[in-house]
Structures are given as structure tokens and as C-alpha cells.
Amino acid sequence: MTLLSISDLTVHHGQLRAVDGLSLDLEKGEVLAIIGANGAGKSTLLRALAGLNPPTSGSVHLGGRDITRLPAYKRVSEGIALVPEGRRLFHSLTVEENLLTGAYRKRPGPWTLTRVYELFPWMSDRRRQNASQLSGGEQQSVAIGRALLANPDLLLIDELSLGLAPVIVRRIYEVLPGIVGAGTTALIVEQDVSQAMRVADRVHCLLEGRSVLEGRPRDLTAEQVEHAYFGIGQALPAGSAREGHD
Amino acid sequence: MTISQMVTSRAAAALDVSRAARSSKLSAVVMLAAVAVLAALPFVAFSNVTDTLVNLFVLIALASMWNLLAGFGGLVSVGQQAYIGIGAYSVIAFADQGVQPYLAVPLAAVTCVIFAVPTSWLAFRLRGDYFAVGTWVIAEVYRLLVVRIDSVGGGSGKGLAGMSDLDQTLRGALTYWVALALALATIAACYLLLRGRLGLSLMAVRDEETAASSVGIDVRRAKRVVYLVSAAGCGAAGGVITVSSLSVNPDAIFSVQWSAYMIFIVVIGGIGYIEGPLLGAVIFFGLQQLLADYGSWYLVLLGAIGMAAALWLPRGLWGLMRDRTGLSLFPVGYFVRGRDA
Amino acid sequence: MGWLNAVIQGLLLGGLYALFATGLSLMFGVMRIVNLAHGDLAVVASFLALALVSGTGLPLWIVLVVTVPLFAVLGYLTQRVLLQRSLSSGPLATLLVTFGLSIVLQNVLLEVFSADTRTIDGGSFGTGSFELNGSISIGYLSLATFLLACAVLAAIQLFLSRTGLGRMLRASSDDRETANLVGADSRHVYGIATAIAFATVALAGLMFAMRSSFDPATGPSRLIFAFEAVVIGGLGSLWGTLLGGMVLGVTQSLGAQIDPALTLLAGHLVFLAVLAFRPQGLIAGRTA
């Protein structure tokens, strides 16, 4: 059953077309990884799905419902939660308060404070600490916990491993099956391609706002991925090159 | 676009504009003629006309200074009455020392700069919105200090010495010319400042302060220059108010009402355009004359118009006119609105 | 002993300043709006109470119970209708709108109530006091004002830290976009913040009205007190605001002890000193 259906989505930053006619479908219970170089438009895509960047054209359907024009705060009730790039914790709130902000809309579902503490056992001991006192990996976990407390059908995670030590990344990815097992579909943006290939059911590679390669990790060769990632031999149709953005 | 590219493109734009200015030679001729007519007015018009116009010129000067401060320097002050008051009291004090009051007006400007240097050090510690109220408190402090000085009349104010030996007609005309000179000087100062390097850095600063400072534009220096010039202009205006009214009252001269006038003139006229305060002052002045009989309802109307302009006409009437006609009397590059405006 | 009395009176007054300043601090913390009409709103509340008391003869406490919620509703509406629109046109617009509102309020009051100085008669409660060891006498009214102010501040603090909406107010003040991301409608959150600010302003305005005289032009000087309390205490911290209010109250009271003409100046000078030497305020704030 299709949970998320994006068709022909275009998002601009001013003149710049950051996401360019992108279409993709996401099945319920799937883990989809978006890969792509810096500036490929991954964050813009996720922010558009969360309602932070309004699309110029195209449509987004969640569970059959058109949410293209829904403001961000209403999408939470519809079942979308984003772990934003750079975690963006509320720095003057404690760990627990940060988590509780995720439950603001009181969407019913399996995730409660207790279950998040079970998922990340260190957290309950430090729940009264200020969020700004945490390390990068801890902040990322809190950001994930905050998103889970919204009980989303679709969890969007932007740059899960950015700036984190590999062992921390591995530890965070270890909880992913538990999250998906609880009924959540995940769309993750990952710069570490091999990591993405390991955890995802399917990957999409973005290049300059467009999907240039998609498939199951086991069906894709390293060379294919590398070419898609760097745009080698990927002659872009003339005239459709994006406008300069510097 | 990187900031250095932006600055160069701004410079290019400024070049463009100066070429375009050739076509506005006509408007320069018209303006010169207007100034000549205004300067000759005391010879042909009744003194009540020229006395009223003194108020208009003071408003133009004050509003131009506030526009320089807020529209170009990004320093939204609600405390410029500090310098109006200091300027006014300087003239009183200098006159008491035997200085000719008209000559004391430029000295009042200098006095204000001397006061503005340490004041800016304090005020610049407050950023953004808090700068507004902070400058206001500073103005209050100056008022409270001035009323403690008995030699300038304490809380009840004082009359201006050294004017009684002048013939009344001559005095009226002199005051008129000084006020006209003040208005022209403030406009010219804005124009010259903004055309030069300072104007360029100010525009870069206004668009993106951190970026501008990272490419070596000295943000604080640029803002300080603007602040000092504005203090001087307001001080001279305070001096003109004193030679025109022949006395000073601390509560009136340090009143926040002056800030209200400046702000509304600039907002209605068009913030960030040299022409804005001119147009705004004329409109404000017209409203003042028209609604003089309605007491404070006219201030209610003024407040409402100001609010409406801030919400629906963020670039003021001049901005609107310029969009429609492309007219520009004082081309100093272009106005780029704040990023999220 | 006159000095000790001055300190105590200053502390009591400081509680009221803190209550009054809370709204300013909250609106700035959550929306980055400096409400220049803050003082005038308090004066409007004073006049409204005056009109109700003299017009209907209702007892003061009923007037209070009516006025405060009314102001909360007005606050919510003001934010949704007026301020929200100005927020999207940049910080200058919000400043201008609140400044315009201040001018409008002052002059409407002037037309309706004239420039006469007024007070609200708090009856025997307003003038009564009890003696503490001979030289120190504490007015019932100023003590009640102080206690009520502290209670309201504590209630707001509880609301901000214990309720979902309160948390969201603080979260919005940290990072509005991320607050949207977890489901906060910022317009509603801002409306609530403004409602609380207006309610506290109304309450403070009523208390000011019983303690000291007021006229339509009193607002701006009141705004300055609130602003000073906020800056002295440290932006965005409720307890900082309480401390700031008390420092301001004590300073003014001590200044008045030296020379009544020094009351305001002393407060301003302490404010400027804090600005010069500790611009982050006495308690470097976390959030509203």
C-alpha cells in the first residue's frame, strides 16, 4: 500500500530550482534512503514534505490525501515528522521537555515517553539536563525521540550521520528496525552512501534536484551509484540546466 | 551571490544611476529654482507665511536625520529628542555667554556631536528593537539632568538672550533663512554621505550585517558616523526651534512627541529614500494645518495612518510613486528591502 | 532606619514593576516584538477600571475580574489582527505599529477623559498600613500588590514549564520554525503570549491606578520602567524580570530618599550602568 506519493514536485529557493520535477512513491513500512551530493536538494525535498518550503508545482499525497498546501503544523496531525538537518533541539528546554514538544499534537500511536526511554536508555537519567549540554550524537537521538513522540506514519530524517562518530552512527541505526517494526515508514537522507545501501530497502539518488537513479541496493552496482552521485555521463537535457545559484 | 560580488554590483549600479542622473538634470534645475523662490520669500510674503514655513523646514530636517539613521543605518531610534533638547539648550547657554544666537545654531550641532560620542558607545550595546527604547531612556536621562541645572532655568525652562536688539522683521527673516539652510543642509548631507563609500557600505550592512562585516566593512564605524551626523542635524534643528520660539521648555523640547513626528513623516513619505522625508513632511504639515482645530483627534488619525502605512505601504508614498514613475530626485543607488520584508 | 524602610518599600514596588514588565518580556521573548504601547495599555486599563467603578458602582474586585480577561481577549485579537500582519513585514513594521498604537491610545484617552490626573480610591484598604517595629510601616495595598504580583508570576512560570502550550511558547521563542515542525501554529502561540501579556498589563495597570495617580500621558514613562526592569534583570528570564523589577524599585525608592526629584533619574542611571557593564542583564536569560 502506498503511503507517500510525490508527483512532479518542484521547489524553488528564489530563482533556484532546488527540487526539479521529482516523483517518487513510498510503500508503507519501507525504508527509503535519499542520497546525493551536497546541494543536490535533499534537505529541500524533506522540508517541502514537512511543509516548511512551499512547492512551486506538483503534488504530495499522504495516504491518498492531498497535503501539498497544508502548513507544517497541520502535517504533524496527518502523520509526518521531520528530524531536521542539524537536529534543531530547543536549546533552552530540557531533554524531556524537548521530547514532550513532539507530543504536542497528541496523535495516538505506540510511542510514549517511556518507550523512547526504552529505545535510548541513557536518556531517562539525563532528562532534566539542558538540551544544549548534550553531545552531537545525543542530540540526534533526542531529535529522533522528539519526532517519534508525534507518532508519525512517515518519519523523515535529514543527514542522520552528519558530524557523528561512526560508532554513534551505528548505534543510532541499530534502533531503526525497531522504529520501522512499530509501524513507521522512514525516509532518510544519508550522505554516507554505503551506510544508506546497508539500511535501506530502496535508494533514490538525487542530482541537482532530480532523481537520477533508483532501485534496491542489491540491484545497483557501485559504479552506477557513483556515476549517478557525481553526475558522470549523465548528460542533462540541454536548456534544462538549473539557473546559477551563486 | 557573495558579498564582494554584491558590493561590486552595487557599485556598478551606482554608476548606472549616475548616468541616469543626467536625464534628471531637469529636476535639478527645477529644484534650484524652487530653492531660489523659497530663499526670496521673506521679501515678498507675509511674515506669518514664513513663520509657518520655519516649522516645515524643521520637520524636514528632523525627518531627514531620522531617515538617515533608521532607513540607511538601520538604527531605529526613539530618542533623537535628546539631541533636539541638547541643541536647544546649547543655544540658550551660548547666548547667555554672549554668542549671537544664530551663530550658536551651528555650535549647537557641534555640542551634540560631542555628547553623541559617549552616548553612542552606550546605545550601541543594545541591538535591534531594544535600541529604540534604550535611546529613549537616554533622552529621558538628559532631560532629568537638564532640569537640575538651575542656570538654564531648571524645570520651567528659560528665555533666549541676545535677540532683543534685532528688529522683529529682520529676526523673522533671519530665522526663516537659517531654517531653510538647515533643511537644505540635512538633505545635502544625506545625499553626499550616501553617494560616497559610506553609502555603499551602509547598503551592504543593511542587507546582511554579518556578511558585510566579514568582508571588512567596518559596520560599527559606518553606523557611528550616521549616528553622529544625525545627532548634529537634530541638534541644529533644536537650535532653530529655540531661535524661532525664543525660549525653551524642558518637557516640550525633550518630548518623545518629536520622535513620533519624525517616524511618521518618514514612514508615510517613504523610508530609505532621501525624497521620503521631504514628501512626508509636506503631507504631515498639510495635515497639521488642516486638522489644527480637531485637537488630539489629529494625533489619533496620525497614529492610525502611520500604522496603516507600516502595514500596507512599507515603502511609503515615495516608494509607491517611484514604482509607478521611476522618478528619483536624489539618485544614490537603489533601495533593497530586508530579506524577509 | 529611613533607609531600611525605603528598601522595603522599593522591594514591594519592585514586585509590581516585575508583574508589569512580564508582558513586555514575554512578547519580546516569543515574538521579538517590543510593544511600545505597553505602558499605554496599562493606562487604558486604569481608565477602564475608573469608568467602571464610577459608572456602575461595582466593587473594585469585580472590576478586576472583568477587566483582566477582557484584556486577554483583546490581546489575542490584537496579535491576530494587527501584530501578526506586521511580523511578516519585518521588525521595523512591528515597532511602528506598536508606536502608532501608543499614539492612538494616548490621544483617544485624552479626548475621552481629558488631561486631568486621576486616581482610583482603594478605600481604607488603599491607605491602611501596619507598623513593623516603629519606623517601618507597610501599606496593606502595597503588600497585597506585591503578593499578588508574585503569585501571578509563579502561575505564569508554572504555565510555561508544566503545560504543553507553555512549553510550546518557550520552544517558539527558541526556534519558531522547529516549533512549527512539531505542530505549533505560531499564530495561535503568539496570540496566547500576547493574551497573557495584555492580562498582566491590565492587572498591573489597576494596581498602579490604586497606588499612584495617572493621566493619559502616563503610559510612556511606565513603558520605560518595564523596559528597564526587563533589561536590568536579563532578557527572556522571568525570574530575571522579578529581580530587575526589584532592583529598579529599590533604586527609585533610595533615590527618592535622597531627593524626591532623583526618583526617576536613579532608576535610569542603574539601567544605564547595567547596560554599560553587564549588557546581558543580571541573570543572563534562558528564555521567556
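Here the chain labels run A, B and C in written order, and each chain numbers its own residues starting at 1.
What we mean here is this: a residue touches a chain if its C-beta (ideal position, glycine included) is under 8 Å from a C-beta of that chain, and two chains touch if they have at least 3 such contacts.
Chain by chain, the UniProt names read as follows: A = ABC transporter ATP-binding protein; B, C = Branched-chain amino acid ABC transporter permease.
As the structure is a prediction and not an experimental result, all values here were calculated from the model.
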Chain whose averaged C-alpha position falls nearest the assembly-wide average: C
Which two chains share the largest set of C-beta contact pairs: B-C
Averaged-CA centre spacing for the pair chain B and chain A, given as whole angstrom: 52
Averaged-CA centre spacing for the pair chain C and chain B, given as whole angstrom: 32
Chain A and chain C, separation of their C-alpha mean positions in angstrom: 44
Complex contacts: residues of chain C adjacent to chain B: 28, 32-34, 36, 82, 85-86, 88-97, 99-104, 106-108, 110-111, 220-221, 223-224, 227-228, 231, 235, 261, 264-265, 268-269, 271-272, 275-276, 279
Chain C-facing residues of chain A, complex: 50-52, 71-73, 76-77, 81-82, 84, 88, 90-93, 97, 100-105, 146, 150
Residues of chain C defined as touching chain A within the complex: 161, 164, 167-168, 170-171, 173-175, 177-186, 286-287
Chain C contact footprint on chain B (complex, rising order): 70, 76, 78, 122, 125-126, 128-130, 132-134, 136-138, 140-141, 144-145, 147-148, 256, 260, 263-264, 267, 271, 295-297, 299-300, 302-304, 306-307, 309-311, 314, 338, 340-341
